[in-house]
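By letter and in written order, the chains are A, B, C and D; residue numbering begins at 1 in each of them.
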Amino acid sequence: MISFTCDYIEGAHPEILKRLVETNMTQVEGYGEDAFCESARSRIRQATGCPDADVFFLVGGTQTNSTVIDAVLRRYEGVVAVETGHIAVHESGAVEYGGHKVITLPNHLGKMDAAELHEYLEHFHGDATWPHMVFPGMVYISFPTEYGTIYSLDELKAIKGICEQFEIPLFIDGARLGYGLASPAADVDLKTLATLCDVFYIGGTKVGALCGEAVVFPKGNSPRQFFTIIKQHGALLAKGRLLGLQFDTLFTNNLYMNIARHAIDMAMELKNVFASKGFEFYIDSPTNQQFPILTQEQMDALEGYVAFEVWDKLPDGRFVTRFATSWATPIENIDVLAGLL
Amino acid sequence: MISFTCDYIEGAHPEILKRLVETNMTQVEGYGEDAFCESARSRIRQATGCPDADVFFLVGGTQTNSTVIDAVLRRYEGVVAVETGHIAVHESGAVEYGGHKVITLPNHLGKMDAAELHEYLEHFHGDATWPHMVFPGMVYISFPTEYGTIYSLDELKAIKGICEQFEIPLFIDGARLGYGLASPAADVDLKTLATLCDVFYIGGTKVGALCGEAVVFPKGNSPRQFFTIIKQHGALLAKGRLLGLQFDTLFTNNLYMNIARHAIDMAMELKNVFASKGFEFYIDSPTNQQFPILTQEQMDALEGYVAFEVWDKLPDGRFVTRFATSWATPIENIDVLAGLL
Amino acid sequence: MISFTCDYIEGAHPEILKRLVETNMTQVEGYGEDAFCESARSRIRQATGCPDADVFFLVGGTQTNSTVIDAVLRRYEGVVAVETGHIAVHESGAVEYGGHKVITLPNHLGKMDAAELHEYLEHFHGDATWPHMVFPGMVYISFPTEYGTIYSLDELKAIKGICEQFEIPLFIDGARLGYGLASPAADVDLKTLATLCDVFYIGGTKVGALCGEAVVFPKGNSPRQFFTIIKQHGALLAKGRLLGLQFDTLFTNNLYMNIARHAIDMAMELKNVFASKGFEFYIDSPTNQQFPILTQEQMDALEGYVAFEVWDKLPDGRFVTRFATSWATPIENIDVLAGLL
Amino acid sequence: MISFTCDYIEGAHPEILKRLVETNMTQVEGYGEDAFCESARSRIRQATGCPDADVFFLVGGTQTNSTVIDAVLRRYEGVVAVETGHIAVHESGAVEYGGHKVITLPNHLGKMDAAELHEYLEHFHGDATWPHMVFPGMVYISFPTEYGTIYSLDELKAIKGICEQFEIPLFIDGARLGYGLASPAADVDLKTLATLCDVFYIGGTKVGALCGEAVVFPKGNSPRQFFTIIKQHGALLAKGRLLGLQFDTLFTNNLYMNIARHAIDMAMELKNVFASKGFEFYIDSPTNQQFPILTQEQMDALEGYVAFEVWDKLPDGRFVTRFATSWATPIENIDVLAGLL
């Protein structure tokens, strides 16, 4: 059986394993102070066009979100996200565990609307009861979103502009960043994105690594003593080399973007397969997650051969499904799927 | 230069890397639901003699400590540890971040004294002001301790007995568990230790793995919805396979104990080298951390050739140093050191 | 100038002050262990028809909500409320400060809909990703709501039934409880309400006291060591007599309900005044908060004579206002208002 | 029976009750925005010699400590206190509930030693592992201490000097401030004390009020949005008038210091009574808490007539007791005691 259930079902890109093996017995410092981490930081500064960036390596997405958010927010502040944002739904309350509210706005296929953000912020400060409310202290968006959609350059600029107007930092969750940037629909690249937020992370776990997220504060604007905060949140890896070496590899010879592009190519093939056979889509996703609508019979036909996720049941009895490709998806898997539909 | 600074300065045991490479493209479930994790859990249940154990894989030590402690404690409870306990000193307040106090008792070369524990608990409940104080809701000890010392079977039984008398769970931090069990001074084995506590973990990071700690609730006594609590603490790895496969390897053909024994053999060699040359030790450690006392001149002689940690300066001007061996230490490194002393 | 801005703009019912003066120099125990508290607890047990109730006195509403919620919830659980619930909007994130998410449902004039609650809970447990989500561990409703509306007996039974089905405790915020129970629209009394929830509180601050909320666990079902939890939350008053004596007074000779009824009588007079002059209402409130809609000119006419709150601006340019009566509102104030409209 | 068990066993100074009665029906703003609070703030600014001070009124001591500490500390910081400090022992972990560690130093009859503080801070920053430790972000002392002792001007200057050297704010818990300043042993007054710390509070609960602590940031240096933080901690009183009016009364005609002095006069009488009859003292306390050592027989003789607290049992079988006087203690009570000894 082949699986499209998610983008973290295989291990790591072989180049990463190769380098892990090669460097295995080299003795290095712990806690991210090693040469692999330093090299990775340097390559990321270059790739993002941010020579002064502070770069930290954390292990996973929920951990990164809750650590960054807790570090940036003041005690009485919350983080603004759309109601479908990962932090609002699928992180078991990790942000609240740190003492902060996730303030939710409506989602539009997973995206935040700049005008709605503006209206909320303006209303908040205009409300006589605001000192009794949770302050918006950060805006959180994901790129791509949980629905596979991406923000356009104009949309990002609009959100960033509002954040600046209200002096609120903007945080971009890039757990699948590569898959967003590699999308044919994307009109931003990594360097541009880095200018449009105050902190973001480059997702490794879903884009070729065994684990690891690279947090980037583009202007060297990391919170005071962020290293200690990482440790306090249980997010500091003793063998930081594991993270440094992976990102060093991913940012050598453009590997990160290359494998992301492969995943997108496969996603577009998969999309074509469904489209050519007359399937409808729940969302017209330009990234590695595709959401074709299947009947029970169509799902039955795939059972035992192809695995995927069922997201929702529609009123007409059909199902919204999710098929994800990744850096590891071979074209053969798409062919197998095509043969079964 | 060779280094004895810590036991996490190399990568992973080669057998682990070999299996990572072999299984890399196998598609598996995320979040620890994969076959590697299941197999590892099964092997650990066997090795610990606990067929009903709940076993969870977390990434690092501080994370494991704070997640387990927060999950087991009630809201108004704190955890009792010695003042030198890792959670009391070197975890950046991760336990307090979760809202719990670390209640400290005196340390005796890093160990808790059963009589002092008893006295504290008895006094606590006898104190008229106890409802205004933090309740002792868990006892935390480390095996081996931060000073490399280990508890004897009798000492463990005494502490466990007191915990049972006061109905308080006992948690053993086993970040270096293998190195404790493999010590010539140890009179407990893994199966016995599992009967003497309510939860413990088997440290992987410092004993052959790239990362990973296996938390064991010996009687299937894990806290309600512990999976969700792990996620909430940012401690759930998407590619759980990375942890499962490592522990599966470590618990195949007794690898974990074999490599731990090697580290201890090397530590005893190192100890002999120092002793034979007339060095004193700050602590007579039976495990992989050794604490010889060096003069400034002796430290200078090693500079550039052998790295180690300086722990403290003694009133007489000499220094307490720490030399750690690990599963990866070759006998050649001991020889180099011997040649320089 | 007279004010209808809120129901906490005067001091305490004179009978309370009289007894404070009378008992002032009596020496009593601290922390709620005094005879006044004991007597008040006894009277509340009788008034609620709950001879086994655990009764605790806290100081204010936000404090009571966050302490009770944090004490009842397990670590990984959140509290379900409507989006307009006090805990969701106007408590500065006090629930999140305790580490818990407020999970929001739609509001219907401030009320929770039983069917929507059922749908949410059913969907939650049916969702494959629920272990990654915040568990619903308590349902919170307010009686009356923040919009002055009240639940009918049938509505309360429906919500309680669902809570029982899903084994989730129901918490009723009674900051204005007297004003809800005294409403002509109410078909529940205090004894019935006590059977329809797992914990509730009787608001004192807004109903005749200087401060104080009486938390009632009807079946003696208070959380383990709740006293300590109160202290931990900074909610334990050293001179507990101040709270005990006030509630003892309020529950002597039915004072609490009598003064609540007075407030409702005044509210209905006020409502009639507005209605008789052709004003529309934003909400048809049956309790002490009334929401007439005024034009700018009508508001200007009151300026300097009558104070009230402006809640919102309608698309047609008119304003939703709030006029609150209380135990202290004299009929003369209504007459003054009537003369100005 | 008469009681010396504590200094919060009576109600409030009669002048306070008188003014509560007089102002009871005056309609005022909530949440501390009323004229009574404003007047009290003004009087406190004058009494402390701090025209720019930010003054806030909270309800109780534990609440004030945990709110101020949480507001001032950064996320990764803890508060330094002596091991007998109230926050370290008798607040049920309220500081840890807010996510912060209480870092403890030895106590000397309840006091912190400046040299030990200096040594700790110097060692902390000199320790190579400090980024893995909890940062000292505030120093907390109490005046008088939990043992009734007070710091001299020189001692306060020394501690403040060290705090400035390490750029750490100093917080003085003044739950019994009046009793400290009124002590014959005190060589600081309120104005001087205000220059020697960054934040302190003037305890009302134990010095004449029903409840209430006035937090003073002498240089207008209150944390950003402290009002909201107070609310978030459940510490904001809706009827702030209750606090404002009490402090306004206490700071009119020097009432606060006058009644504090009375308590001290009574304490010195009580001390003389014990001393003249040959009793030893556990501590030579210069404030309103006295610690005579009694035998079992001597305690028995008082039983049923005079209440007091037993603090500890000495090795020789005698008991350390605590007798507290307050603003409310009549000389007759001392006479009764004298007659029984």
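Following the convention adopted for this analysis, contacts are C-beta pairs under 8 Å (C-beta built on N, C-alpha and C of every residue); 3 or more make two chains touch, one makes a residue touch a chain.
Just so it is clear, the model here is predicted, and its values are computed rather than measured.
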(message) When contacts are scored as defined above, which chain pair ends up with more C-beta pairs, A-C or B-C?
(response) A-C
(message) Among the chains here, which has the CA centroid at the largest distance from chain A's centroid?
(response) D
(message) Based only on mean CA positions, could you tell me how far chain A sits from chain B in angstrom?
(response) 33
(request) Can you check how far apart chain A and chain C are, centre to centre, with Cα atoms defining each centre and the answer in Å? (result) 42
(request) Indicate the whole-number Å distance between the mean C-alpha point of chain B and the mean C-alpha point of chain C. (result) 50
(request) Can you tell me which residues of chain B touch two or more of the remaining chains? (result) 76, 91-93, 97-99, 131-133, 228-229, 231-232
(message) List the residues on chain D that touch chain B in their complex, please.
(response) 76, 78, 89-93, 96-102, 128-129, 131-134, 309-310
(message) So in the complex, the part of chain A that touches chain B is made up of which residues?
(response) 2-3, 5-6, 8-12, 14, 17, 20-21, 23-30, 59-64, 66-67, 91-94, 97-98, 205-206, 210-211, 228-229, 231-239, 241-242, 328
(request) Enumerate the contact residues on chain B facing chain C in the complex. (result) 70-71, 74-76, 99, 131-133, 135, 224-225, 227-229, 231-232
